[in-house]
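There are structures below to look over.
In the two assemblies presented below, chain A is common to both, partnered first by chain B and then by chain C.
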Partner chain A sequence: MSNLEKYVSAFTSTFLVDESALAHLKYQDIAAWDSVGHMSLMAALEEAFGIEMDIDDIIEFSSFEVGRTILSKYNVQME
Partner chain B sequence: MKHIDDLSVRVIAGCSLADLQSKALPPYAPEAVAFLTAWSKQLLARPDIRAYPDAASFAYWCRPANLARLQRELGSERLRIGRGVALHIAPSNVPVNFAYSFAFGLLAGNVNIVRVPESLPAQADVLCAVAHDLLIQAKHARIAAMTTLLSYPRDDALTQRLSAAVDVRLLWGGDQTIQNLRRMPTSPRCVDIAFADRYSLCLLSAPAVLAAEIKVLQALTVGFYNDVFLLDQNACSSPHLIIWQGTVQEVEAAQARFWSAMQVLLNTKGQSPGIHAVDKYTHLCRTAILVKGTKATPTADNRVYRVALDELPENIAEHRGRFGFFFETIDNDLAQLRRIVNMRYQTLTCFGVDEHALAEAVVLHGLAGIDRVVPVGKALEIGVIWDGYDLIRAMSRIVATQ
Partner chain C sequence: MVEANKVPVMDIRAIIKHQRNRYPVLLIDKIVELVPGERATGIKCFTYNEWYFPGHFDDEPNVPGFVQIESLVQTFILTFLCKPEYAGMKTNFVSINNIRFKKKIVPGDVLRIEARLKTFKRGIAMGSAESFVDGEQACSAEFVVAVPDILNQFKPKP
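Moving on to the complex of A and B:
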């Protein structure tokens, strides 16, 4: 699985949303991405990429798009 | 370890007392981490976890990345192993507390007997059910053999027999419960770690509250709400007293801004039970009689009761309320704080002040209490450092070499 596929899969499996809804998805846009959903998503991403995210990055992870930039800090490149 | 007979207890997860095997593990043993991270993953994957933010927070705390970080913090300069068998007497005021207590014991490398309170809300059942399902799997057999989550009605004779058989006791509860448990004979080497009644407070900088952008102010109110209202101010770390810093004018303006923002947030949270309002009102009357200089601030809808005091009595901790009842005062040089703090004081949450400087002030002034200074919103975030103890170190022993 490519990094982008893993990234997409963390969202779709955590929030049970369709891939097509992801591009503009932001925190609290959908009921599933509330504060509890956010914890599930962060745990899923850390596991998928074998990383430990800083608390500041976890707080700033506010959208599908922003998340891509944040993960690049952990050497997770997505083309 | 002395053999423990099968006492008349209800085993919720893990093995029976008679089948418990006593071999300890080193701290953060792979088997223990594998079990806790599996527990975390299963919990976070449940659709119903959304209804239980406290159970979700526990699961999040047990995620692999966090446990790896904690293991690094412990370091490996010393060879360590769990002390042996740990008995956990968990409290009923914090529904998920037993799970943390168990996790601390397991991460330290101990065999764990965890008494889960009998009447806990649904999230405790979810935690137990998931633990049970994991512990019957072959891959967690080692952990299952060193784990008994059990429940029994209050029975001192039974607690006494368990106490006599263990090497560590984690005792959570009110002062009386702790005193009662302390009187029970234990083995000479047994280590007791007691979490008795504690009192917590909050320090807010008026200029910082006034200068906060609207988003920051909202985040502050959400954090304060979580600290106070998630557990109805029953948790030891929930603040009951608010110390403001700033000039009188600044504090008045900051109070107006903070509390009206709190009101906006509270309005989104649905009705609070009438009995809570009655509790706060009667507590206010009691306070008016017992505490000199009580000045009540009018309440909008009975959700928040505020009492302003120019001078805090030394025993202010004895006047704690519940469900959203606060004392407020101004204390710019911390002179009042220094006068009131005793060993009962636990968590100081703060906003707009340097938390490290506050922690240093505790040490500098030799205060008998306050073991935690954290930002507003973090009051309930329990961890391996709690109540001034380093629990992993305290529950493991060092095997020393020269």
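Moving on to the complex of A and C:
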């Protein structure tokens, strides 16, 4: 599974949302992405990529698109 | 030693100090074993003076399921609220899974509750608890509990 597939899978499995809705998805756009859902997403990403995210990055992680940039800091590249 | 007579490591005053449930929904009496961040064992003694017995039921008093679950989770949250940095914080249920009721609990019964914390990260606690009366399993469940005061520190900016 590619990094992009892992990234998409973390969102779809955590929020039970269709992949087609992810490109412009932001925090609190859907009920499932609330503060508890956010922690679940962070845990899913950390497990998927074997990383531990800093608190500042968790706070900055406000959308699907922003998350891709943040993960690049952890050497998670997505083409 | 009889469960009800075990020496507490947290008495009712310590329980009140470390968690926010109060009468009539404070549903543990003492903690008799505690490994902070790992596990806790609580005791709850039921008498007919409990507020729910006259209504559940007047001809057959027994402990309602929601009271049993609350007793389990109140022991569970003390696995982390016993730590000074978390003492007194409020908690919210996120999910309860795999609930099993095995035994009717009646006035006079002493409930022993064994709770285990699996993970605690960024204000989300996951774990389980099971209860016993005279060594016989009464109830068990798995919990995910949030601590909003911690969780809110990690919320994305609007």
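Following the convention adopted for this analysis, the second predicted complex is superposed on the first by the 79 of 79 C-alpha atoms of A that agree within 3 Å, B and C clash if a C-alpha of one lies under 4 Å from a C-alpha of the other, contacts with A are read in each partner's own complex, and residues count from 1 in each chain.
Keep this in mind: a residue touches a chain if its C-beta (ideal position, glycine included) is under 8 Å from a C-beta of that chain, and two chains touch if they have at least 3 such contacts.
For clarity, every value in this text was computed on a predicted model and none was experimentally measured.
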item: Joint occupancy of chain A by chain B and chain C, clash or fit; value: clash
item: First (chain B), second (chain C), both or neither touched by A:N3; value: neither
item: Contacts of A:S62 with chain B and chain C, given as first, second, both or neither; value: second
item: Touched partner set for A:E47, first chain B, second chain C, both or neither; value: first
item: Touched partner set for A:V36, first chain B, second chain C, both or neither; value: both
item: Touching partner for A:Y27 - first (chain B), second (chain C), both, neither; value: second
item: Where chain B runs into chain C (options 3-11, 75-83, 201-209 or 363-371); value: 3-11
item: Chain B and chain C contact sites that coincide on chain A, given as residue numbers; value: 35-36, 39-40, 42-43
item: Residue numbers on chain B that touch chain A, as the complex places them; value: 40-41, 44-45, 49-50, 53, 56-57, 59-60, 63-66, 68-69
item: Contact footprint of chain B on chain A as seen in their complex; value: 32, 34-37, 39-40, 42-44, 46-47, 51-53
item: Complex contacts: residues of chain C adjacent to chain A; value: 94, 121-124, 146, 148, 151-158
item: Of all residues in chain A, those that touch chain C in their complex; value: 27-28, 35-36, 38-40, 42-43, 55, 58-62
